[in-house]
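Common to both upcoming complexes is chain A, partnered first by chain B, then by chain C.
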Partner chain A sequence: MSVQDLTVRRGHTLALDDVSLETPAGRITAVVGGDGAGKTTLLEALVGLVEPASGTVDTPDRAQIGYMPSGAGSWYDLTVDENIGFVGGSYGVRDLAQRADELLTRADLMHARDRLVGRLSGGMRQKLGFCLAMLHQPELLILDEPSTGVDPVSRVELWRLISETAAAGTAVVMSTTYLDEAERAGWVLVLERGKNLLSGSPDEVVASCPGEVVETDAPVHTELSWRSGEHYREWWPDGAPDGQVPAVLTLEDVSIVASLREGLTS
Partner chain B sequence: MRAMILKEFRELRRDRRTMGMLIAMPILLLIVFGYAANFNVDNIPTATLGAQAEQAATLLAEVPKAPFDVTEVDSTGTADDAEEMLQRNEVDVAIVTGGDPVVAYIDGSSLFSAQTAVAAFNRLGDRVQTQVLFNPDLKTSWVMVPAIIGLILTFIGTIITSIGMVKEKQTGTIEQLAVMPIKPSTVILGKIAPYFLLASLDMVLVTVLGMLLFDVPFNGSVAVFALGAGLFLFVVLGLGVFISTISQNVGQAIQTAFFFLLPQILLSGIIFPLEAIPWAVRWISYFLPLTYFTMVSQGVMLRGAPLDSLWFPLLMLTVMAIIVFTGAVLRFRRNLAPGDGRHTKTKAAA
Partner chain C sequence: MNALIEARGLTQRFGDFTAVDDVSLHVDAGEVVGLLGANGAGKTTTIRMLLGLARPTAGQALLDGAPPTRKSRRRLGYVPQGLGLYSELTVSENLAFAAQAFGCEPAGLEGALADESDTLVAALPLGLRRQLAFVCALQHGPDVLVLDEPTSGVEPLARVRLWDRIRSQADRGVGVLVTTHYMQEARQCDRLLLMSDGRLVAQGSEADIVDGTRAVAVHAQDWARAFEILSAAGMAVNLAGRDVRVIDPDEAHLQAVLAQAGLEATVTEVAPTIEERMTMLARA
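The block that comes next holds the complex of A and B.
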């Protein structure tokens, strides 16, 4: 899957501005950003729900894409089994019963097969959404904020499912607002207001941080500092003065720095 | 308190549908009840037949405040011709002269015209013998049941269908359908077919129940009735699909469907006779599908009207079905396939 110089407009708004991304088989790519950053637009462009204004989107055939929209994409008035029957039938999945057993077991949903989806917990519904998207064993799996609003235990279970899927050779592109979650991905794309803010492997992204970030209790430039636990972190674009304690950087720190840098530049 | 009231007004101002209901509905009701709410028919299409047809027409024209409008005079016409004219809904009253007494045949399926005609002939005493056809006891239920069938189909077609369609949008599953390898036409047909089937079953149920409970006759051809009902269903299902494309949630769909339902209930002739509605309002009736379905259902069930006599309502239903259904489906398709770009700009991987 690859996206080259993709620009998407929604009405008069530039939802995506010249974004590029590549995800080979077996890799998890996390698309990170705040609300309105363009994450959903990028995923919708991948599945053909929005039309690019310019650029190219190169994806497998529609039948080889699994998509889980942000609402989990399951039918509330149908049971878990009925949802699986409908989606499996639409994709023409062979040995559907066996595939359903396998996925529901992995997702720990076997006991809920006869329950209406509308009566499942948020976490269970997200896991079902994942199962539905994976039912036809797609080459490319696209997940729109699969862990948003999900309890921590279900988040861990969802991540286990996603990791296993990628390990089996599926290319996974998922959006998330959680930077700690993005650190588990093989590739990270940070979007801000539709623009590519950062991209690379989590280690590369962290290593690419310009200037220095220090840990302090008394920041000098409040506009370049942010709270982290009990302390503050402060970004020094041209290097920190002597005596400051360098911080152990996370993706969150680097994203904040990139955002501050973008602000300074503009 | 002030903040609460202010918040409510701000929300209302931005809710265009509710504002529409607040403004348009009182105006519509005022106009309809002010002008259209009239059961008195004073212009009954009438034919005079037989040897003294000319004299009868002249006499009728001279009777003060007579509700008859003689549209056809045929000195060779017989009682059989009179019955056929009523059956084909060419006139509501056919007076056959030449015998003693003169016989006025009255179409009982045009209930209010028939009641007015009977009352007018009764005032003339024994000179005219009245004979009410197709609804001899002038039962309201006989006229209402065929019309109610249409109303039920309208209800299912617009409200139930729009709810079923808009739910996919509300829960976000429409995106799922859009990316699945199913053709948009298959999705649309698959969504509509159950409602078409359910509405058809409901129609059969209501028709049979109406016949059993109220002794409403079914004098005409089932095939003609089914043709009219099928065309009408396409129109109302199209309306339901259209409503779903302009609504974001179930509440909005119901609110919008109400806008489409109310005029049909009030102006399609099922409550107030079309002939009694002044032209200033009546023209709206001729844009409503229920008006034409009622013509077909009452015609077939009560009068046994043949296919060729119902060509006009059937043609109108066909035109409406094509325009409304096609337009609505194309709009819905846009939700499923936003632009054809998915096929050209999303290239398949090698």
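The block that comes next holds the complex of A and C.
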């Protein structure tokens, strides 16, 4: 399962520009970026909802893909059980009752089966969206911003569900705007304006940071520095002067550096 | 000197339900205070009372030492989570409208926003919409800024630049109250307050907030199996890369479960996160 050199146009803009990604079984891949970075376009290309302008998308048959669009992809005027019945029916899920019990139990939604989806909290709705995408036991699970608008407690539960799924051998691709969340994934792809800004395992990405980042209270170049807690971090593209303290980097820092570098070169 | 914003025993009841329960807090000039909590913890109701948009059932919300009035509320700048902009108006029309409401001159636009002054807000990318909402809230020169999840959905560089602007307001003496449930935003604050079930349950630095919570990382070759058995044993688990994080573990139970499954694993104490603290509160 992979995409190679994928380019997608939306009108006159390049929504994705030469992006490649592998999604092996059992791995959680996080696609990270801000609004308009191309996350949704990439996921839609994986599902087969958008045509590539060039490049290849090699994914399993549609029946083997589970997809949760952003906003959870459930019907607000139906109850939880009716949503399950509808989606299960369209995929022709055998043993639907048993499968539904199993997933709703894992998601702690058994008590909400008769409630209208429109009346559920954001976190419950996202968990239901996850269950709907997993009903037919897909080989590839694609989740578009599952944790947006979800509070921390529900987010931890959602991550437990996603982790269990990957641990059982499903390939998971999820988008997020949060880099601290992406740090938990096995592989990270950071997109900016449709381009691959960074990719690799979180450790590899952090280790790949160009130049040096130091922790300081008195940054020299404000345009290359940013606040982090009580101190500043400053990026020195060609190495820091002597006596500066190297910072312990996170994906967030490395992503900021990559954006700064894009700005310097373009 | 009075605190810019102060809550004294602030309480809000809706019928039998107590949404905010005896909350006292203050925000002084020049500081950035983060208000944290899960959905339903009472953050929004607290903010609404502090802004004078809801009347407390008991206790007091004070703006510079007195209950908020129509006049004193002019000293506030507020950016709601939904941003409060008019999507059918252009950037400059939004600015002019907000300026008129506060009886001030519209602020000048800078950078990318200046290039988009005639663009409809509906057509503006989220990052720029957030910047505009910020300019709208600041143009009347408020002494207090209240921000609801100010940088959610924005990429890292744009986020740190927005925080630069928030910090520079604080440096000029503005008191800032930020509600958030994201670590990255919490780290930008001078002081944190944590709400759970309507009550203020912890305050201080990040270390103070997570105090009393423990977390360990279980590192096993077969991470998937480790995750499965620990989760099945009823522990609060989460995946972090290939490590399984367990919140507030019972050490003996953890070791027993690993041994019973014949799983070789190393267990290391790790620094708990604010999210893990909130999960623990929710489970309690």
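Here is the rule we use: the second predicted complex is superposed on the first by the 266 of 266 C-alpha atoms of A that agree within 3 Å, B and C clash if a C-alpha of one lies under 4 Å from a C-alpha of the other, contacts with A are read in each partner's own complex, and residues count from 1 in each chain.
Everything that follows uses one rule, which is that a residue touches a chain if its C-beta (ideal position, glycine included) is under 8 Å from a C-beta of that chain, and two chains touch if they have at least 3 such contacts.
Just so it is clear, the model here is predicted, and its values are computed rather than measured.
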**OP:** Classify the contacts of A:256 with the two partner chains as first (chain B alone), second (chain C alone), both, or neither.
**Re:** second
**OP:** Considering only the touch criterion stated at the top, classify A:167 as touching first (chain B), second (chain C), both, or neither.
**Re:** second
Original post:
With the two structures laid over each other on chain A, which partner does A:65 touch: chain B (first), chain C (second), both, or neither?
Top reply: first
Original post:
Just chain B (first), just chain C (second), both, or neither: which does A:156 touch?
Top reply: second
**OP:** Decide which partner touches more residues of chain A, taking chain B and chain C as the two options.
**Re:** C
Original post:
In the superposed arrangement, which partner chain does A:235 touch: chain B (first), chain C (second), both, or neither?
Top reply: neither
Original post:
Once the shared chain is lined up, is A:74 touching chain B (first), chain C (second), both, or neither of them?
Top reply: first
Subject >> chain B and chain C footprints on chain A, overlapping residues >> reply: none
Original post:
Tell me, which parts of chain C touch chain A in their complex?
Top reply: 38-40, 125-127, 152-158, 160-161, 163-164, 167, 181-184, 187-188, 206, 223-225, 227-228, 231, 236-242, 274-276, 278-279, 282
Subject >> For the chain A and chain C complex, residues of the former touching the latter >> reply: 26, 28, 33-37, 121-123, 148, 151-156, 159-160, 162-164, 166-169, 177-180, 183-186, 192, 201-203, 226-229, 252, 255-256, 259-260
Original post:
Which of the residues in chain A come into contact with chain B in the complex?
Top reply: 1, 44, 46-52, 56-63, 65, 67, 69-76, 87, 90-91, 132, 139
Original post:
Okay, in this complex, where on chain B does chain A touch?
Top reply: 171-173, 175-176, 178-182, 338-339, 341-343, 345-349
